[in-house]
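Below are structures written as structure tokens.
Two complexes are shown next, each including chain A; its partner changes from chain B in the first to chain C in the second.
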Partner chain A sequence: MRTGLGSQLAALIGLLVLWEVGVRVFGVAPHNMPTASAVFRDMAGNMDLIGRGVVRTLSETIIGFVIGATIGFVFGSAFAVSRTLERLLFPLFIVSQAIPVIAFGALVVMWLGNDIWSKVAIAAYLTAFPVTVNTCRGMQAVDPQRVALLRSFGAGPWALFWRLRVPYALPSIAAALKLGISLGLIGAIVGEWFGDTVGLGIMLLQAMYNENLPRMWALILVCGAIGILLYAAFEAIERRWIWWKQEI
Partner chain B sequence: MDGPADSAAPPMLQLTNLSKTFDSGHGRLVALERIGIEIGCGEFVTVVGPSGCGKSTLFNILAGLAEPDTGAKILYNGEPRMAPELLGKVAFMPQRDLLLPWRRVVDNAILPLQVEGIPRAEALKRAQPLFVEFGLSGFERHYPQQLSGGMRQRVALMRTFLFERDLTLLDEPFGALDALTRSLMQRWLLDIWQRHQRTILFITHDVDEAIFLGDRVLVMTARPGRIKLVLDVPLARPRPPEMLTSPEFIALKRQVLAAIEEESIKSFQQVAEG
Partner chain C sequence: MIDLREKQGPKRIAALAVCISILAALGAAPNQASAQETVSVRLKWLAQAQFAGLYVAKAKGYYTAEGLNLTINPGGPNLNAESLVASGADTFAVGGGTEASLASRDKKLPIVTLGMLHQRTPVVMVVLEDSPIQKIQDFKGKKITSFFTGLQHTVTAMLTNQGMSPSDYSLTAQAVSMTPFINRETDVAMVTLYNELNVLKARGVKVRIFAPDDYGVSVPRDSLITSEKMIAEKPKAVQGFMNATLRGWKYAIKNQSEALDIVMAAAPGLERGHQTLMLQEVGKLMLADTGTTEGLGALNMPRLKAAHDMLLNAKVLSGPVDFNTAFDLKFWNAVPAADKKM
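Right, the complex of A and B next:
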């Protein structure tokens, strides 16, 4: 674990050094690729501006993720329990996913206003789909013999759901949550492109218009760091709490 | 010791005319045909029969998980019961241990109590004294994946025993164990049974096991499953392992084997015919 982290850190530093040296040695023009040091200088000089963007985008991502995951869990469970509901609504879910969010991002902003909630909605929308699918599939895969055993103990639908279906589906739900948090971050960043004043997404657009390459790279690095940290957090939770396999 | 089969007491379980037909895509399959049995309070009854003769099907019906054909009568403690009414009334241990991998040994054992609505602390208190008896002390906090086959089976048995019901159904509980572990478990089960005074119906493929454990042995016919032979086992208890080679034991075994042999041949022919 420690050595893994150490070598990863070393690789990262090596990469940054390579970047710095490469840009200098080959004389790449600054408007094509800034040096790593220029990027970090920009980052250091604009800490509170970037910090505000991080807080905003992270809030959108997390609130959207929580809402989307909840919606996904509720619908996924409902589909798993009721065949009719699944036949009725599941195709709708799939069709809705075939339309790229970008296509109706503008609409969401018009409906929900140009503040945090339109971005939260887009993040939630992206998170909900994988969570719905995996919750449903995970619960449907439950072993019928174990269902029979619990029923022989006198378990009703409620006890079956919480004591068997939910824990049985957790590994597949956890996989969806990891995907969902990454999609939520994308949703939040892209959501800001439809117009806002704070957030990493809108800062990226501003950097593009101003051809401020160091800023752009600073933001890319920050976005990447957030994505990796969020994913790693879920990975850690999964390892610690949801280690069992579905096929038993 | 009071005799288990007190003739004055009403039977704990009485089945009359119990049949079960499965309607599948390609025709009807009669799994059980006109089964009639009576089981006394505190009795240990073993069931043997060729594979596929409907033993597990019978248990599923008694546990309330499947409906028998119309016309069947099930009297449980003297009261007529429809199949679903038996859910939660019978302690049922299926052929596989079916432990839940996310629950520790203790939590697997108390699962039926929690389903009943008993708080965890209270359930743990009831389970505590059984760990030594079931050879699981020190393993309370292990997960099922960390146990051997024999131990997993004991956890499943403990779960079944903690679910205190008038009737206990055990479907081949030792089927997957090696001969040595199996004979240890048999003696251990008799011990537990005598101490806890339960009524047990026990499925097995092993004729020695059926006679060694049972007050009575039921032999079933090949499909459709009927009761072919009901054999009383008048061997004294406690039964020492040497009993397996005694002449009385051998004589009983000969009778059971003869009945099974006939049925196994029939069941083999059924399979050959398709």
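Right, the complex of A and C next:
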């Protein structure tokens, strides 16, 4: 693990050096690609601004993720338990994913207004789907013989659910959570495109339309770093607490 | 049991006090609402100096003085200010401008235009200084890009006036970035006077300008709009919005540095140098022509009619738009001269 991290860091630094040298040697115009040093200078000079953006976007992501994951878990479990519910509602979940977030975003602003909740809603919307699918499929994959066995010991539906289905589905739910948190971050950033003054998404737009390329790359790197950290956090949680695989 | 009650006593009193204060707050709310009308204004774009007048009016308490509790909602690339006002999600908006106002009426949206901030077309066509294109006739056979937000019709009309038909040149949608133009992938590009032109200047790119207004096409933009419902039900709030907004603009144009402080405080991600130039250009556009003779935000009706006929000709509008319902001059007329005349 530790050697892995070391070589990863070395690779990252190598890439940055390659970027810096490449841009300089080939004389790439700054409006096509700024140097790595210009990007880091911009980042260092605007720490408080970027920091404020990070706090805002991260809050939207995490609140949206918690809501979306809860919705996903509840509906995924309901679909796993009731075939009727699954037939009735699951197609709606699939349809919802076919609607581009951009189309949906304008509606969210009309319904929820312009504050943090419209961004949270979009983050939750993107998070909910993978969690629903994996919760449902994970629980449906439970071996019927185990269900029969627990029933024979007198387990009721709640005991079956919490003692068998949930633990059995947890590894696949955990996989969905890792996907969901990344999607939540994208949702928060896109959500800010529907009107705001603070946040990484809005800063990206400002940089894009004012053609401030060092800032744009600085923000792309920050968004990437947040994405990696969130993913790594869930990876760590999974390794620590959900160590078993589906074949319990 | 008795012990428990004794312990709960103070808590109950505290809970009761909280309940009473909540009830009191609820009771007070309607009173406050009748004194202050809660409204919102949607911007056509991100918070920036293009909207300085509104941020100044808010910061200086001009809206509050008119009895309005106003929220400024920034726009973005995927939002349409006209639809948000038509749906009631926002009370007012700084909308797209002439094309957007007329197109909304054409689509039967209950949108009414109260004023127009930019008195001239705020976009111009540019070619690189060393380009062989010297005069507008040289656009023939060239690659032209334009924002496709309705502004492409301005380009077409401008060239039609010069005897060119759309088959004489190629007109395609322009990307966000000016880089393709700088890299000579296109011959002619469109820039707003207050944003992209400054981006080019900042990069040291020298250009020649062809302004639609010099070729017989003038499309005023950045409209102040509201819904028919607001005009019918709350004309006082509409008047207050117009008074405060124009007063804010007058102050912003006269005190640009202070106005920029206010804008930068509202949207801290902005770059001050760029915003300074933006405010200067927007100020010029607002004071052009009727902006000075009549006052800020004036509706130049002959100019709007000409733009309407151009859009009708281009078949952008399905039929003539009734100007009596699309525009309402009474609110602008009632704005005190001190608020709108420089």
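FYI, the second predicted complex is superposed on the first by the 246 of 248 C-alpha atoms of A that agree within 3 Å, B and C clash if a C-alpha of one lies under 4 Å from a C-alpha of the other, contacts with A are read in each partner's own complex, and residues count from 1 in each chain.
Here, contacts are C-beta pairs under 8 Å (C-beta built on N, C-alpha and C of every residue); 3 or more make two chains touch, one makes a residue touch a chain.
Keep in mind that what you see is a predicted model, and the values were worked out from it rather than measured.
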Assess the superposed three-chain arrangement around chain A: do chain B and chain C clash, or do they fit?
fit
Taking CA centres, what is the chain B/chain A/chain C angle in steps of 10 degrees?
150
Chain A residues touched - chain C or chain B, whichever exceeds
C
By the touch definition at the top of the document, which applies to A:210: first (chain B), second (chain C), both, or neither?
second
Mind working out whether A:167 is in touch with chain B, chain C, both or neither, as first, second, both or neither?
first
Would you check which partner chain A:154 touches, where first means chain B only, second means chain C only, and both and neither mean what they say?
first
Once chain A of both complexes is superposed, is A:49 in touch with chain B (first), chain C (second), both, or neither?
second
First (chain B), second (chain C), both or neither touched by A:240:
neither
Chain B and chain C, minimum CA distance [Å, superposed model]
29
Enumerate the residues of chain A that count as touching chain B in its complex and touching chain C in the other.
none
Interfacial residue positions of chain A with respect to chain B in the complex
143, 145-146, 148-155, 159, 163-164, 167, 170, 244-245, 248
Complex contacts: residues of chain B adjacent to chain A:
60, 63-65, 87-90, 92, 94, 96, 98, 100-102, 111-112, 114-116, 163
Complex contact set, residues of chain C against chain A
42-43, 46-48, 71, 73-80, 83-84, 87, 89, 176-179, 182, 195, 199, 203, 266-271, 274
Chain A contacts chain C in the complex at 31-32, 49, 52-53, 102, 105-106, 109-110, 113-114, 193-198, 202-203, 205-206, 208-212
